[in-house]
Each structure stands twice: as C-alpha cells, then as structure tokens.
Amino acid sequence: MAEDEQTKQVKTLKQRVWEIIFEAETPAGKLFDIVLLCFIGMSVLAVMLETVAEFKNKYSSELLFVEWFFTIMFSAEYLLRLWCSRKPLRYATSFFGVVDLLSCLPTYITLFLAGTSGFAVVRVLRLLRMFRVLKMAHHVRGAHVIMQGLVRSRAKITVFFFAILMFAVIAGTVMYYIEGNVEGTSFTSIPMSIYYAIVSITTVGYGDVVVQTNLGIFVTTIMILTGYAVIAVPTGIVTTELMRGKDNESDHTTDACPSCGAHGHLADAVYCRRCGDRLDHD
Amino acid sequence: MAEDEQTKQVKTLKQRVWEIIFEAETPAGKLFDIVLLCFIGMSVLAVMLETVAEFKNKYSSELLFVEWFFTIMFSAEYLLRLWCSRKPLRYATSFFGVVDLLSCLPTYITLFLAGTSGFAVVRVLRLLRMFRVLKMAHHVRGAHVIMQGLVRSRAKITVFFFAILMFAVIAGTVMYYIEGNVEGTSFTSIPMSIYYAIVSITTVGYGDVVVQTNLGIFVTTIMILTGYAVIAVPTGIVTTELMRGKDNESDHTTDACPSCGAHGHLADAVYCRRCGDRLDHD
Amino acid sequence: MAEDEQTKQVKTLKQRVWEIIFEAETPAGKLFDIVLLCFIGMSVLAVMLETVAEFKNKYSSELLFVEWFFTIMFSAEYLLRLWCSRKPLRYATSFFGVVDLLSCLPTYITLFLAGTSGFAVVRVLRLLRMFRVLKMAHHVRGAHVIMQGLVRSRAKITVFFFAILMFAVIAGTVMYYIEGNVEGTSFTSIPMSIYYAIVSITTVGYGDVVVQTNLGIFVTTIMILTGYAVIAVPTGIVTTELMRGKDNESDHTTDACPSCGAHGHLADAVYCRRCGDRLDHD
Amino acid sequence: MAEDEQTKQVKTLKQRVWEIIFEAETPAGKLFDIVLLCFIGMSVLAVMLETVAEFKNKYSSELLFVEWFFTIMFSAEYLLRLWCSRKPLRYATSFFGVVDLLSCLPTYITLFLAGTSGFAVVRVLRLLRMFRVLKMAHHVRGAHVIMQGLVRSRAKITVFFFAILMFAVIAGTVMYYIEGNVEGTSFTSIPMSIYYAIVSITTVGYGDVVVQTNLGIFVTTIMILTGYAVIAVPTGIVTTELMRGKDNESDHTTDACPSCGAHGHLADAVYCRRCGDRLDHD
C-alpha cells in the first residue's frame, strides 16, 4: 500500500512534468514554452554570431560557454521528455523526437572530433523546435486565418507558379539568344537567363545579370511589364481567400499524446490519431 | 466481309490510339499526357543544360543520347498523330501540328549541317507543346478562375499599361535631360532613360543605370513614389475581378476533332468549330 | 443670296473640318484621331531614336526627313484648327493650343539657330497632345473605372505618402549616423540616406547605395520589413476603391466648344463651361 | 476690483494664447499650426542640407542664420507654451514638452562646445513635433481609415513577420552553407546570408550580395518564388481590413488639457485622461 502510494506519487510527478513540458494549458506549461522559445532563439542567435569572424575572435570563450549551456539545457529537456513519455521509444522516433536529439548531439560530437564546425548547420535545426511550441499556439487568431487563406489558395498558387515558370523559361531562352553572344555577357547559359527572367519578373532585380544590347533592353521592358500584370495575381488570390475566411473557431486542444507526444488532437479525441494510444493519463 | 471486319478492327485501333494521344478522358489517355509532359519537361531541361559550358563538357555524350532519345520519341508520336487523324494534312498544317514537327526536326537537320547549334532555340519551342496538354487541363479549377480574372480585367490592364508607358516616356525624357550630360553617365539616350524609368516604377531596380546628380535623385524619388501608387492599380484590378469570379462550371470536353485535332469543344458540339468536320468517329 | 449660299457653303466646310479634327463622333473624326495618335507616337519615337548615337549616325538624313514631315503635318493641323475655330485667339491661348504650337515650333527654330538640339525636349511635349485624343476616349470603360478609383482614394494616398516620407526621413537620418562615418561610404549626406531609405522601403533597391556596417544591416532589415507592411496600404486602398466603383455611365459628349475647343461638356450643356460661348454652330 | 479686472484680463490673454498654440479650433489656432508645420519642415530641411558638403561650403552663413532663426522661434514657442500652461512643470516633463525642449537646446550647446555637430541628429527629432500637429488632424478621414486598418491587422501582421523571419533564417543558413566557402563570396556569415534572404524575399534585391554557384542560383530562385507567394499576404490582410473599415466618425476634440497639454480627449470628457485636471479653463 505504501508502495502503491509512492507509485501514485511518482505517476503524479511524471504527469505534472508531462503537463509542463508537453502541454500549454497550465501556467507552468505556458511559462516553460516561453522560456523554451527564448532559449531556442538565443541558441540559434549564438550559432549565427559564431559565423561572424570578428565576433568569434572577440568572444570565442563566451560563445563556447553559451553553446555548452544551451546544449546541457536541451539535453536535460530531452531526457525529461524521454522519461515522462509513456512509450519513450515512440517519442524518440517521432519527428520532433529526432529534432530534439539533433539539437544537442552536434556539440557532443565536436568534443571528440576536431574540425567539425560543419555540424553548425545541424544546430540551426533547433529552429524547427520552435514549431512544436508554435503549433500549440496555432489557435492564435491571426496565424489561423492566414494559414487558412494560404491553404485554400494552394491550388491556384500552384497553377500560378507553373505559369510563371513557363513564362520565365521562354523569356529566359529568348534573352539567352539575344544576349548570349555579346562579349562580356552575363547570360552565359539558359539556366542563368531563366534566373535573370525570374529575378526580373518578381521585381527583385539584383543587377548581377544585366542586358547590354538595345534589343535586350526592349525585350526586358516588355517582360517586366507583362510579368508585372501576371504577378498581381497571387496577391489577388490571397486577398480573395482571406476575405472569404470566416474565423471558424478551432476546436483543437493543446494536449499532447502521452505516448508519442503528437499535438493537434480534436477536443473530443480519446485516442491519439498518430499512434492510437489513449490520450488520457491512466 | 472479312475485309470489312479488318477495316473495322483497324478503325477501332486507330480510334483507340486517337483517344490515347489526343484526348484525356480514358486512363490510358491521362497516362499518355503525364508521360508526354515529363518527356517535354526533361527534353527542355536537356536543351538548357547543353548551354551550361561545364555541364556540356562533362556529359556531352549523355546529352547527345538524351537528345536523340527524345527526338525519336517525339518523331514516333508525330507519325502516330498523323496516322490516326482522319485528315492528316489538316492536322499537319494546324498550329500544334507545326509545333510538333518543329520539336523533332532540328535534331535531324544538325545531322546534315554541322555548326547549327542555333537550332537549339527551336527545340525550346517544345515547351509550347505543353500547352496542348494543359489546355485539356483547363477545367482545373484554379487555372480557370485565374484565367477568367485576367481575361475580364484585360481592358483595364491595357489602359493601365498605356498609362504607365506614357508616364515612363515623360519621366525618362526628363531624366535624360537631367543626367544625360554628366560625365560617365549611364543615361546615354532617351530609350535608355525610359528603360531606367520602367525599371524604377515597377520596383525592379537593377542598378545598372543609376543617377549621379542631386536633381536626378530628387526626381527619381518623386518618380518612384508616384509610380508606386499607380502600380498598385493592376493588383486592385485583378483582385476585384477574381472576387467577382463565380467558378461557373466549364462545360468543355477534352474530346478533340478527329480531323484537325482542335480542342475545347462544348459538350453538345457535333461539328468541329475550326474545320467543320463531325466530331464523332464515323 | 448667292453670297449667302456661298457663306453657308464655307460655313458648312468649316463645320465639317471642325467635326473631323475636334470631335470624334463621326467616322472621319475617329479616323483622324487614330491617324493623329499614330503620327504623335511615331514623331516621339523619332525624337527618342535621335538621342541614340549609333542610330543617329546611321540614319541621320532619314531622321531629318521624318522630323520635317511631322513638323509640316502638325503645322498644317495647327493652322486648320486655328481656321475652323470661331474665336481663333481663344484656341491659340488655351492649354492645348499652346501645346499644339510647341509641338511644331522647335523644328523651325533650329533652322535659324544652329546647335539648338536642346529644343528636342520640347518636342517630346507632343506626347501631351495624346491626352487630347485620349480625353475623348475617357468614356472608355476601363480608364474611367481606374480614374475614379484613383481620384476617390486621392485623400488616403496623400496621407499615405506623407507618412512614408516622414518614415523615410527618420530612417534615413538614423542610417546616416550609422553609416556616414565609415570609410568609402555612399551615405554622404542625409538627403542621400533618405534616397536610400525610399529606394529600400518601396523595394526598388538599386544597390548604388549599400550598407557596410553590421548595425546598418540590422537597421536596414528592420526598415525593409516595417516598410513592407506599410507599403501594402496603397494597394489595399486602390483595391477597396475599385471594388466600390460603380461604372456609373458617363454622360459627357465628345463635342468641343467651337470657340475655344474645350472638351468634356455634359450632354445637356448649351454653353461652354470654359469660355461661355454657345456650343452649337450658329 | 481693478486688480481682479487685470487678473481676468491676463487670464483671458493666457487663455487666448493657449487656444492658439495648443488647440486648432479657432482660425488663429489653425494658422499657427500651419505656420508651425512649415517652420518644422524648413528647419529639418536645413539640418539635412547642412550634411551636403557642397551645399554647406557655399551657403554656410545662410545655414547658420536659418538655424538660429528657427532656434529662437522654437525657443519663444517653448517659453509661451510653458507660460500659458496651468501647471508648467507637468507640461515640461510630458513627452512633447521634452521634444520641444530638445528641438532648440542643441543649437545653444554648440555655442559653448566646439565640434559638437553630432547634436545635429537631435535636431532632426523636431520632426516628431509634427506629430503633435498631425495628431490634431487625426480626424482627417483618410488617415483615420488607414490607421484603423493597420491597427486591426496588427496581430496578423505580427504573425506574418515572425513567419517571414523564420523563413529567412532557415533560407539564409542554407544559402550560407552553399555559398560560404566559394572564393570571393559575399556570404561571409549567417547574419549576412539572412540579410540576403530578407532582401530577396521582399523583392528589394540590392545586388550587393549575389550568388556565384549554380546550386545557389537554384535555391535563390525557389526562395524568391516561395517568398513571393508568402509576401502577398500582408497586402491581402491590409486590404481585407480596409474593406471592413466603416469610417465611424471620430468624436475626439482638438482641445488640449490646460495643465499638461495632452491631446485626444473625447468630446464629453471633463477631466484630462492623463493628469486628471479639469479640461475647462477655470
């Protein structure tokens, strides 16, 4: 009976930890999410600053400390997540489980292997962890409406992209045959010319590839103006969808599956839609 | 009677081939269209990569093989189309008939004439063949709505372009008289200055032509801001038309005329709207 | 009586000429307008090409011929307009009267004064004459709707421009104090920095002025993103106005005042709203 | 009684001055606001021109005169504001009180301290004083509607910015690992690459950082096209909000609190919402 009591105690502790790190309903859970967001943000910022030569030379020891601090924090968080999951393996093999692991592993590897700064790119993947937190915030009104608008205009935007691409391929090929033979040209190949066409049509206009012949100037002008009318289309599409968008209240909960940690269950869901386990704790 | 049987057999075969390569109602027809789209895409990609010097040097034999593979496939397709058309000549002289021929001819010509790589541009015309397949897909919801929006705002967009052009001509001329006499200027002529004006108004801004005088900076600033308000117009036009757009179900079929191969007939059409032949097979 | 007849004859001729060159109701009047539009377009094109050095060297005699051809045509037109106006002086002193005169005068002046190619800029003013013809076409549906949309959103667009300008002034000054002291900077003065800010906010981005310091990069990023949200406003304004726009049928006539040649009278107007003369002939 | 009369007289004068410089209901008050706007505009223009080297060398004495003229005018205005406030200290410590002081102080300081041209940046803060006048004009129809639209779409635009930033961080990091090792690259660090990503996605495209590798070109193209669809969102958001916007008549007065000078009181307000003093003069 005493053991039963203790088990219950442990269970309750596990459950409480679970509620804090996997869900966002309780004040502690919300606080944890905010702290986690900050930590992710700061650790990514540190990874970025590491690539700035002058900064790295000046604050190399501080960067090292910050890196290890976050690595240890994330490792602890990962172990906690493993521990309080009912089926740790299922969590470990889930998408976010892998991302969580990847966000602390590279630092340990650099300990044993010198000159593996290339792992830095993996550490930026930490940013993906933000989505876990943000997914819970997906009933934030603004994001939901925007998402709906984008999803609903998906088909039209795809069609549009295909059209733009064909337009760019044809315009780029024409430009290549106009400009390709001029001395000192930047239109060295058709793909390069298509890059020019896309950069022009979308009004980016870097200026690294520019025309030299009179005919090229004329065709570019036509291309820009034609493209400009076409490019007005996605704005129109998104606006139309956004206006149609009723903000039909989302009925998703922030509860996560106790086994695999999947989010986004409907309010009346009893079983996890991903692993099929019961969603309630025992 | 046996011959009649055989004729019927042949006819049926011809008809079945026709359904596969000219129409998209049957599963085989749809598959053919998808394969054709992929082939066109890949052959155009090959033409593009051929112009990339480093790629060509490395994979010149592979490119040659790919080129001949697609040429033979397209030739076979062209002959099949000719064979199963009720009136082959009419097909051969139709727009897509000429495009189909042009997409395989250049490779044969390079066989006899050395140094005719200029024919490559003709091979990119293969891209036009995509429109034949896409035309059948024009009852795809997204494309239809966008098309309708663009077509309905045609008049307004034309007016808009004329206005932009006049604005650019006047602004460009003014810029020419401000910047034209400065040493080392890029405003070497009025057309060049109009090019600058259009590149600025549409917010492309390559930066190959830039102002040098204080007055030029001032006028450019005014021009950009004025242009910015005007350029908001096409977006507004397209959005307005897209919102008005009811997706009135299109009642076009994917059937093609057995004589000339024209698409886009209404569901109740009995005769081809282009050549006047009966649409049904005998 | 015979004289009365003749006067009437002459009057009728004058009236007929009037109808052709000042109005657009009759077939002849429409034809005249179209020919005039083409002539203006071609003469402006000639003026442009004259500034292209290589073109001028090659076709200098042709350009001279074209120039004199159009000058004589425009002179004849001007005299005809003077002759068939009931009060020639009033026409000559009207806005379009002056523009008409200016479009042929410069060529004559270059006859007596050598090295006056500077007059070329005056000849581009011929473009303004297009507005006379286009004004008559202002009941063209598209132009009218766009015009209405722009006019109605005038107040809001003005407010918007003022806001953008203040934003650019503050952002530009901040950028000047960040980048102004760096060696080899392009931020040589506050106006230059404001030019940079406007070019950035409107997404033109020539690239002639670019940041060099890390702080400058950071501030530019913030500026671009903030500006991007603000710049969405004019599109929204114009779209809103365009959607509200009812194409209330315009009841303006294409008749012109026989005295001063002013256009745009209402259908029931009896007297010219500009000079007060009767609108009907006799 | 005579003294009482005099006190009343003074009070009335104070009150009249108050009405002129703090409010915009009376003709004199409106005139004062317009003159003030012009003075602020001109003084800021002078500060700008001071930084243009060639202009400063030529007109240094004129600039000095203008600077002192405006400084003395603004000082006089500041003292008047202090004098006619019922509680001068409260005005002096209010936001606009501090801005008013800062707009004339720097010039006096340069009198005693040589080589303090750095104070110039403070003088541009005069621009902030424009907001005081413009705040009174906030019932201008256009500004109000735009403001409402922006405020209402605040939440959505924030979400959007966060999304763009995350997209730019990931795209920038990817670009850094593609382009960072190429010789002579401009992608020297991750922040630099993020700057490139933001400049590309927002279609600014300076061209100071450009890709060199084929893979880089490919990724940039994808990034621009993806970004283009996403960037259509803020326009859609603002348009949607602007269309929903009813121009519900604002019932704010232009009266200012006699104690602290705060604006924006409701028509039926009796006490200042900022300092709690009665709004009416005794």
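Lettered A, B, C and D in written order, each chain numbered from 1.
We take it that a contact is a pair of C-beta atoms (placed from the backbone, for glycine too) under 8 Å apart; a residue touches a chain by one contact, two chains touch by 3 or more.
Here the structure is a predicted model, which means the values were calculated and not measured.
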Please give the intersection of the contact partners of subunit B with those of subunit C. A, D
Can you check whether subunit A and subunit D touch via the same residue numbers (shared by over half) or via different ones? different
Subunit A on subunit B, rotation in degrees - Cα superposition, rounded to nearest 5: 90
With chain centres taken as the means of their Cα atoms, state the distance from subunit A to subunit D in Å. 34
How many Å are there between the centre of subunit B and the centre of subunit D, using C-alpha atoms for each centre? 49
Shared-interface residues of subunit C (touching two or more other chains) are 52, 157, 160, 191, 194, 203-207, 214, 235, 237, 239, 243
Any idea which subunit D residues touch subunit A in the complex? 155-160, 163, 166, 169-170, 173, 176-177, 180, 188-191, 194, 200, 203-207, 210-211, 214, 217, 220-221, 224-225, 228-230, 232-233, 235-237, 239-240, 243
Listed in rising order, the residues of subunit D that touch subunit C in the complex are 44, 47-49, 51-53, 121, 124, 127, 130, 140-143, 145-146, 149-150, 157, 160-161, 164-165, 191-192, 194-195, 198-199, 202-208, 231, 234-235, 237-239, 241-243
Note which residues of subunit D are touching subunit B in the complex, please. 52, 203, 205-207, 214, 235, 239
